[in-house]
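In the two assemblies presented below, chain A is common to both, partnered first by chain B and then by chain C.
After this line comes the complex of A and B, so read on.
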């Protein structure tokens, strides 16, 4: 069976002009990603700001076209198969990071949640209204919330509404682009539980993006770690936490705050490095504690343990 | 526009002043046929150039016509020109602005260069030129003012559309399967309405002023139909012996334009989301 979502050597290059008269410089936001998400699986995608996570998410829902490579849904190319582009709203939906900008301020929550039903002309008016009520109930909003506007809601409530909207057409895949990082920590857990609950109830597949490994750990079956537009490690969630192989993954894990003053662990302070690693080299070289001369040649992904992929000479 | 809007609006002195001026002037103009004491075009050879007094509150002109009645009816012209010319300008500007901002590319390039070309001409002289070829009727004046004042709206709407089209709620709507028409009408238009309303309100003041200027030059509303502009023109001849013929229409123009400007400026404050929170 083909994967729910698959990236095949996907690249996205932007041309950025620094200053009015300089030439456009290529920026490789995504530099060759291979990743398959099976039906019913949750794959967490972690990495720091600017590593290409969001670009990958936008390509997964066809908001951006890859510069090269293929994005496949059920084995069908998103940009070459009409069958899949016509049905796309029923196949994949997205939950955005900022619930303050992802809901139209001039629409009621019921209008936002029901928009997909209206746009796709699903059923009649009464059945659409019933469906909206059902969706609101699923995310823990009460019926009297339906007629309210986003500014009358808290961030957590807005994000619940945004989740309800994403589920309106019963998509199998939901791409979540940092869906909890704009929320208060106390609300984050509630929203994560909603994601967990919906996954079990509806058999959803998630591509769950975050810069916070702790958030991803709770939900994911497998976790992919991204750095400078590439995947550097991909492993089952437990294996990644217990035995991280890539030095960058270790840095990320070391950066998770431990809520216990007795545990003063040695923080692997990730050096802020803006200089380039040089053509063809592993991009982590300037901030990697293990870097050696062989790192001038970037290694391919290799399977270090069953199902545990890593891109590092030293791991 | 909710209760919250009116609550803060009525505490805004500038809005209140503009609202009362515009509201009062509009009401008087709308009710002109019923509240005007005389027929605005009826001649009265027994009462030529009467100064303001009990019989004629604002006096009479050189043909014995009642100035107050003429001003009330002239206000209707201003109101019509203001609303219809600006309505046309907003419709044209909205259409081009939405298309340019949303579709971008060649459409954007063509439309915005068209705007640049239109803005090259001093619009008042453009209007004068066109009027010279057309019959100077009320309808023609409204159309010409409308078609020479949409560029500001187009630029404004394009800028709003550019920023709105990249917002997450528009992307979410696209993912939900909404087509361009739906996104433009349901999401972008309502969210761009505030700034457009402000510019339309300010535009009405400009349109009224343009109409008055045209009529003053004899190229606008033609006698015997009264308009504030042609009343000024007629009053000019007898300014030294009957100043009331010029003073009252002049004040009417001044206060109406002031009213719309106050209203527009205060709406700009009141509708600015950055100031709301």
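After this line comes the complex of A and C, so read on.
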């Protein structure tokens, strides 16, 4: 069976001008990613700002075209298969970080949630209304919320509405880009639980992107760590957190402040990258405590343990 | 030791079309020199308004509506705007969440860094430049001369926050108010900034009011913690005690809500319900509609501060047995 979502050597290059008169230089936002997400699986994607995780997410839902490589859904190329274009909303949906800008402020929540159903004329009016009510119930919103507008909602309620809307057409894959990052802790926990309930109930597949490793570890079956446009480690969540192999993954884990004052964390954090690594070199070189001469040649991903991939000479 | 900062029943409110919104309601605590006091709470709990209130900077239509604040024995709440201005940036400094918006984008870093030195310390330009270089080195910025000539957009987020800290330290303040100073930063950069701030508190006896929503940051950075909910300080505890056993049900709820590394696929226990709007606060204890231990009394009477253990405070009727303050 083909994977629900598959990236095959996906690259995305932007051309950026550093000044009004300077020439545009290529920036490799995504520099060759291979990743397959199985049906019913949750794959978490972590990395720091600018690592390319959001660009990857946007390519998974066809908001951005890859510069090269393929994005496949159920084995169909998102950009080259005619039938995908039509079916795309039924295949994949996205939940964004800020539910205020992703919901139309002039539409009631029921209208927003039902918009896709109306556009595709799914069933008749009554059945669509029933479906909207069912969707709202699934995300823990009550029927009286249906007629309200986004500004009348709290951040948590808005994100629930955005999730309900994403599920309207029964997509198999939901791509979530920092969906709980803008929420307060107590509300964040409510929304995380909803994601988990929906997965169990509907057998959803998630590509779950966050900079918060605790959130990702909580929800994911496998976790991919991204750095400078590449995957540097991919492993089952337990293995990644208990036995991280890549120096960058270790760096990230060591930097997370532990919510327990009894745990004294080691001082000293990884330096910021001040210069770029040379052409063809592992991009972590300027920050890496283990870097050596052989790192001038970036290694390919290799399987260090069953199902545990890492891209490092030293790991 | 005398406290450096003392708040007594400090309150601040906003006049709104829907009536008076009590953003900060009767907050009292002391802050000693060298102490890092964490102020924790969710958005809208009043932690930022409180910190602005200490500086006399609450924007209209907000105002300090009651109580008093003291700094080094002098009453802040009785000072004129002029006296406060002399204090701000000199003895009390502040750093913000987003250094990009706090820095002027069309001024070189050096000019902005030198401004308070010229203003408060009366240094001449050459002395100010020397002091700026010294400050940039203290906050761990490499190549300080290049940084002085740079515009804010040429620096990374972590570097900008270091510049903000350098600016705050310029006049040798005794109190630093840090409002979510690492929230916009990546974790590895966050760790560097936190270590820098902790070091400053330990080495110079700088007192810090550290505002954050991140309990991990609190655990690793603060000595004492105050938890705010809907304008009230509901718990004050030393950090170890707070994480070992929180006294207030709201604090307990926050702790239980946290997904932790290694807590895979377990259900989290969120705090039920949502934070009430400031214009429609519940009677009695503001937390009662969300509290799993709510009693009749909680709906009617505002809980006073109880001290069930030495050094610990909780505004919760569950601790009424512990004797009233």
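Remarks
Keep this in mind: the second predicted complex is superposed on the first by the 312 of 315 C-alpha atoms of A that agree within 3 Å, B and C clash if a C-alpha of one lies under 4 Å from a C-alpha of the other, contacts with A are read in each partner's own complex, and residues count from 1 in each chain.
Here, a residue touches a chain if its C-beta (ideal position, glycine included) is under 8 Å from a C-beta of that chain, and two chains touch if they have at least 3 such contacts.
Model, not experiment: these values are computed from the prediction.
Taken together in the superposed arrangement on chain A, chain B and chain C fit without clashing. In the superposed model, A:102 makes contact with chain B only, not with chain C.
When the shared chain is aligned, chain C comes close enough to touch A:256, but chain B does not.
In the superposed pair of complexes, A:291 makes contact with neither chain B nor chain C.
One geometric descriptor of the composite model is the angle centred on chain A: between the Cα centres of chain B and chain C it reads 80 degrees, in steps of 10. In the superposition on chain A, contact is made by A:165 with chain B only, not with chain C. Once chain A of one complex is fitted onto chain A of the other, the partner contacts of A:228 are absent, as it touches neither chain B nor chain C. Applying the stated contact rule after C-alpha superposition, one finds that A:187 touches chain C and leaves chain B untouched. In the superposed model, C is the one of chain B and chain C that contacts more residues of chain A. Applying the stated contact rule after C-alpha superposition, one finds that A:211 touches chain C and leaves chain B untouched.
Using the contact criterion defined above for the overlaid structures, shared-chain residue A:141 touches neither chain B nor chain C, since it reaches no partner.
This overlay, made by fitting chain A, leaves chain B and chain C with a least C-alpha separation of 9 Å.
Partner chain B is touched in their complex by these residues of chain A: 61, 63, 88-89, 92-94, 96-98, 101-107, 112, 115-116, 119-120, 162, 165-166, 168-169. By the touch criterion stated above, chain B contacts chain A in their complex at residues 167-169, 171-179, 182, 186-187, 190-191. Across the complex, chain C meets chain A through its residues 42-43, 142, 156-159, 186-192, 194-195, 213-221, 239-240, 243-244, 253-271, 274-275. Looking at the complex, you find that chain A touches chain C at residues 48-49, 154-157, 184-190, 192-193, 196, 211, 213-215, 217-219, 237-238, 241-242, 251-263, 265, 267-270, 272, 274.
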